[in-house]
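Pasting the structures in now, so scroll down.
Two complexes come next, and they have one chain in common, subunit A, joined by subunit B in the first and subunit C in the second.
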Partner chain A sequence: MTFVIDYLALAPELVIVATMLAVFTLDLLLTRPNKFWTATVAVAGTALAAVPLVILAAEGSTRSMFDGSYVVDEFAVILKGVFIVSAYIVLLMSHHYIESDRYYQGEYYFLLLASVLGSLVMASARDLIILFIGLELTTGPLYLLAGWRKGDAKSNEASMKYFILGVLSTAILLYGMSMLYGLTGEITFAGLAQTTADLADEPAVVVALFGLIVGFGFKISAVPFHFWAPDTYEGAPTPVTAYLSVNSKAAGFVAFLLVMYQALPGLSDIWAPALWILAAASMTVGNLAALRQTNIVRLLAYSSIAQAGFMLVPFAAAAVADADLAEAFSATLIYLVIYAVMNLGAFAVVIAGARKTRSGEIAGWAGLAQVDTRLAVLVAVFFFSLAGIPPLAGWFAKFAMFRSVIIAGGAATVVLAAIAAINSVIALYYYARVVKSVWLDDPVGEFAPEAEAAPAGSLRLALLVAVAITVVIGFFPAIATFVGDASRVIASG
Partner chain B sequence: MELFETWALTLIVFLPLAGVLLLGLVPKANERALKAISLLVTLAAFAVSVGVIFRFDFSGLPYNTYQFEVTETWIGAINANYHLGVDGISLPLLVLSTFIMVLAVIYSWNHWEEPRNPKAFLILMMILATGLNGTFVALDLVLFFIFFEVVLLPMYFMIGIWGDRTPRLIPGFGREVQTRLYAAIKFFLFTLFGSAFMLLGFLALYFESGNSGERTFDIPLLTELGASGAFTGTFAFLVFGAMFLGFAVKVPMWPLHTWLPDAHTAAPTVGSVLLAAIMLKLGSYGFVRISLPILPEEATRWAPAIAILAVIGIIYGSLACLAQTDMKRLIAFSSVGHMGFVMLGIATLTDVGINASIIGMVAHGLITGLLFFLAGSMSHRYHTREMSRLGGNMKLMPVMGGILAFTAMASLGLPGLAGFWGEFMSLIGSYNPLEGLSLGVFRTAMVLGAIGTVLTAAYMLYLLQQVNLGEPGEEWQGREFHDVDRFEATAWVPLIVLIVVIGFYPKVIFNSTTDSVVSLVETAFNAETTASLGRGG
Partner chain C sequence: MLLNQFLILAAAMFSLGIYGLLVRRNIVLILLSVELMLAAVNINLIAFESVLRSPEAIGQVFSIFVITVAAAEVGIGLAIVLMIFRNRKSANVDELDLMRW
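Let's turn to the complex of A and B:
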């Protein structure tokens, strides 16, 4: 065992830790009117964490620590980049929201950064223990953050539901992992990959896999493990919801796929059909439920369940068809990256729009275009992008998904592709409903006056970043395929 | 002039998009500048497309050679390229598209439907222009798909914002909504449903092309593969079916047409014109450019089915027209019938039939475009489209009535006007379809199609009788109506002239199309062609 620590490779994590501590200390020292400095430090620290990432990316080498349990390769760097950028956008979204409602600012940023740290660790994890720690560090702070609006019963409910179901699923996940360890004596992915292939006939493996699928299924809110999501999303403060639906979901996804792909490819006969069902059910149930929503955040909650289904499709299809998993992996990652940006954008728009319309109901947004064209254009951009309409980034996510399914071949995958195709049409209907309300309907209620409702500078910046990425990737999807290519590191190593 | 060769198509496609940026900078209140920019941009695109005609090589290049080609890497990882080009088949449609767009801008000059907002409307029009022009020149399936889809958003907003505000009952839901809302989302959902499957078809082709070299989305390469028999069996059957769904919704073919009457009727005038004149052609163009050459064997398998659906469309569309009371809705249904002739021509898989379909597309674009302009202008003045109330228009607005009579004649296929050739030749084509196709089916189709032409005449004359003839109703007594104004005249006269020119001298179109079509039929179906049209003979 060698314990050489590669400080450059760990630099992003270290920067985030330092920022966390700085935020925490500052919060103790500052008086109430000056608390906004905690936010500034958090934003700056997150931006700073991107610097070592850029250096690592430019270098392009693979750095491995702790006997291969902690790896910083191109794949990990890209993922960390995604986590950092989306955390950055969430922080920008939070700033005004948290400040204006007089929540505990210092603690908020401390917890949020802790969660970001967890997702960074997770991206590098190549054994079950580190993966578990990373994943739980990502989720843990969110139990608290979901209940941040203490005076609001809904927020309490959100936190409670999330916590109880989350802990339950974590227990099941851990159970599955320990079964795996018991069966093989291995915790590293590489070790597991070598030993599990012979275990396909072992009944206990099925139980272990079941535990993993339930646990991860909860993290990514796939049907039938999605029941917590709509209530939690609705009750939690909107920036936290955005974080839940993007970062924490992405972290869950990456963990899920890493384990299945790197550690358990030999058992794909067992987990592939389960994934197929998860994908088909998530898409269909998520979409159908979304059709009935009247609250915009609940709509986004169900939409994110459906989107999780779409993201699972490539992997499920490839595994069922016994085809090249590398293609599927890259398709899912491309989807994840694009989804992260446009979904964050959608939430940022929801925050800005709710301020303007004083309503979280879709009907309450009617006629927004007549008072604020710019915001209305952004609504159209993000919601149609989520629906996958060209030339907005979402089209390429869907495209990459369909492509990998078709490449996998086979009857079961064609059926899955058809289900996905029909679902993307259903999805359009409810996304378009929001756009319809904003653009086509006549105003029903009073809008907040400009002075009071103008989005704060940080929120504007968040919107700008998100919309720029959404449009640019839409026209030049080659940028997104770069992410997909990075995943081949995993495939070859 | 090398520069022109490489940049012409890119300019045609992206000039309107550049116009969007410019329009975005101009304040809402400055309507003059907004209109001037749009006019300039569309005129520039049109001028470039005319330039393309002049520098086009009409010397009978074989099918699958394209001119003004550009190839740039776009999405390297999946081998999708920015590949544009025109040939004899797409040239007339491209010019039609840039041309109609100019007229639409001119017409818009003083015709704004509620809630006005010219800035937004013009921006949408420019985006639409990019999508339409792009589809006709895209030579890469991904690029084609993108352009094909780009038109959805602007059209959705056009119908949804500026559309018809009368409430109507949604069948099955027992709820009343404004027509525009219902029509806009219906249009969007139908088209997206089709194109989702179309995309699956494209991807399947891409996947299968990997069996013979690198996987590709390139239309010319796929055409070569298709001609050499690379795509066969159940696979090809399904792929053709998937693409069929995408194109057939757009055409629209019976029974996937139900979005069309709603969308056309609800859309603002310019929206209906662009829908009818250009957008419907994307579907039929897709058949000619993609389905037939890449999957020739499947085309022969599917042809009878397409012919049957086409004929049903013709008859159904005509009968539906006869039952309409709303002038605009009648014209909308007439599109179903006319596009039925276009599809019948394509289904014959002969040079005559495909030539007929292309000239049919152009003619339908000109004639139905003009009809929608007229319907729009009339309802603008009368504030109703109910034909029973419109009688006596000829006395109130003689010029408008005259143009309407002329256009209706053109639409019913009067010899000497543009509409004649498409109908007539597609019937000839179906008398003698490609060898191997069931003569029984196609000759029956021909007979039914011929009955369809009679029905077409019937409903067009019915329209004229209801709207133009008779005495003006009491409600219009003592009211002055402003006859055709100069913007309307400027937009319509070029259309009238072209309808006559193509009617008398269809060679303007055949000159461009015949060689490509003949060569397409020969290479794809190894067929003897009659080669008796235009210069091909």
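Let's turn to the complex of A and C:
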């Protein structure tokens, strides 16, 4: 055993920890009117955490600690980049929103940063214990953040539902992990990969895999483990919802991908059909339920369930067809990166739009274009991007997904591709319905006056970052391909 | 070595936990059910460890992590229960039905 700590490799995590402590201390020292400094420190600290990441990315080497249990390679660096950029956007979205709520600001940023730290740990985790700790650190603070509005009954309910199903899924996941440990005596992914290949005929391995799939299924809110998602998304404060639908879902995906591809490739005969069903069910149920939503946040909740289904498609297709897993891995990651940015943008638009229209209902947004053209353009950009219309980034995500399915080949994958194609069309309908309401319908209610509704500077910056990335990746998809290529490293080794 | 007996005990406790979580209506009892499930996981890990005898005592280390995280989760859970109880004067999950799809 060697316990050499590589501080550069850990630097992003350490910076986030330091920021957390700084926010916590500042919150104790500052008086109420000066509390906004906690937000400033949190945003600055998150931006600072990107610096060591850039150095690590430029260096491009693989750094491994604790006998290969904690690895910082290209794949981990890129995912950490995604987590930090999306955390940055969420912090910018939160700033004004939380301040105007008059609840405790310091704790909000402390908890959010703790969750970010968890997702950073997960990107590097290469054994079951670290993965479990990272997962719990990511979701634990979110149970509290979902219930942030203490006096609001909906927020209470969101928190409770998320908590009960969250701990249930954790317990099932742990039971699966304990069976896996018992069968192999290994917890590192490399060790598991070597030993699980001979276990395909062992009945107990099915119990272990069942536990893992159910546990991760809850975390990524795949159907049929999605029941908490719409209620929690609707009840939680909107910036927290944005974080839930992007960071926490992405972290769940990363864990899922790592465990299945790195630790259990030998058992793909067992998990591949389960993933096929999860992918098909998530897309279909998510999209059909989204069709009948009238609340815009609930619409985005069901849309994010459906998007999780799309993300599972390459993953499931390659495994079912026994094709090259590297291709699927890169397609899923490209989808994840693009989805993160456009979904955060959509939620930022929802925050700005809800202030302007004083409504969370799609019907209440009618005629927004007549009073605020810029905001209406942004609604169109993000919702059409989610639908996958070129030249916005979303088209490339869908393109990468379908390409990987075609490369995989085989009858079962063609069926899955057909289901995905039908669902893309259904999705276009409900995304376009929001855009139609904003651009073509006549206003029904009173809009808030300009002075009251103008988005705060930090929210404008969040929108600007999201829209810039969405449009740039749409025109230059090579940037996203680079992300995908880096992920091949992990799939091959 | 008695391994099966421990695994059967753990499986029974785990099933009991899931049953309690689905059937109980009081949030505190739901929390107890979750604890039962996590305790089952710990029994599993320790039982496997006593057979495998890995040099790093992985199973025992894992179970210490599970115990720690379980404690933190109960802390969070009780905080949420307290918040809901203050607003509603009740800790019954059936009454949490503001949002339905």
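Following the convention adopted for this analysis, the second predicted complex is superposed on the first by the 493 of 493 C-alpha atoms of A that agree within 3 Å, B and C clash if a C-alpha of one lies under 4 Å from a C-alpha of the other, contacts with A are read in each partner's own complex, and residues count from 1 in each chain.
In this section, contacts are C-beta pairs under 8 Å (C-beta built on N, C-alpha and C of every residue); 3 or more make two chains touch, one makes a residue touch a chain.
Predicted model only: the values in this text are computed from it and were never measured.
Looking at the shared chain after the overlay, A:L428 reaches subunit B, while subunit C stays out of its contact range. In the superposed model, A:K436 makes contact with subunit B only, not with subunit C. Residue contacts after overlaying the shared chain place A:E99 against neither subunit B nor subunit C.
Of the two partner chains placed by the overlay, only subunit B lies in contact with A:R403; subunit C stays clear of it. Within the superposed three-chain model, A:D231 lies in touch with subunit C and out of touch with subunit B [touch as defined at top].
Once chain A of one complex is fitted onto chain A of the other, the partner contacts of A:I389 are limited to subunit B, with no touch recorded for subunit C. Residue contacts after overlaying the shared chain place A:G182 against subunit C, while subunit B stays out of touching range. Residues of subunit A that touch subunit C in their complex: 1, 128-129, 132-133, 136, 140, 143-144, 147, 150-151, 153-154, 156-161, 163-164, 167-168, 170-172, 174-175, 177-179, 181-182, 185, 187, 230-231, 234-235, 289, 298. Across the interface of their complex, subunit A is touched by residues 7, 14, 17-18, 21, 27, 30, 34, 37-38, 40-41, 44-45, 47-48, 51-52, 54, 56, 58-59, 61-62, 65-66, 69, 72-73, 76-77, 79-80, 83-84, 86-88, 93, 96, 98-99, 101 of subunit C. Residues of subunit A touching subunit B in their complex: 373, 380, 384, 389-391, 395, 399, 402-403, 406-407, 409, 414, 417-418, 421-422, 424-425, 428-429, 432, 436, 439-441, 476-478, 481-482, 484-485. Put simply, subunit B touches subunit A in their complex at residues 74-78, 120, 142, 145-146, 149-150, 152-153, 156-157, 160-161, 180-181, 184-185, 188-189, 192-193, 196-197, 199-200, 203-204, 206-207, 238.
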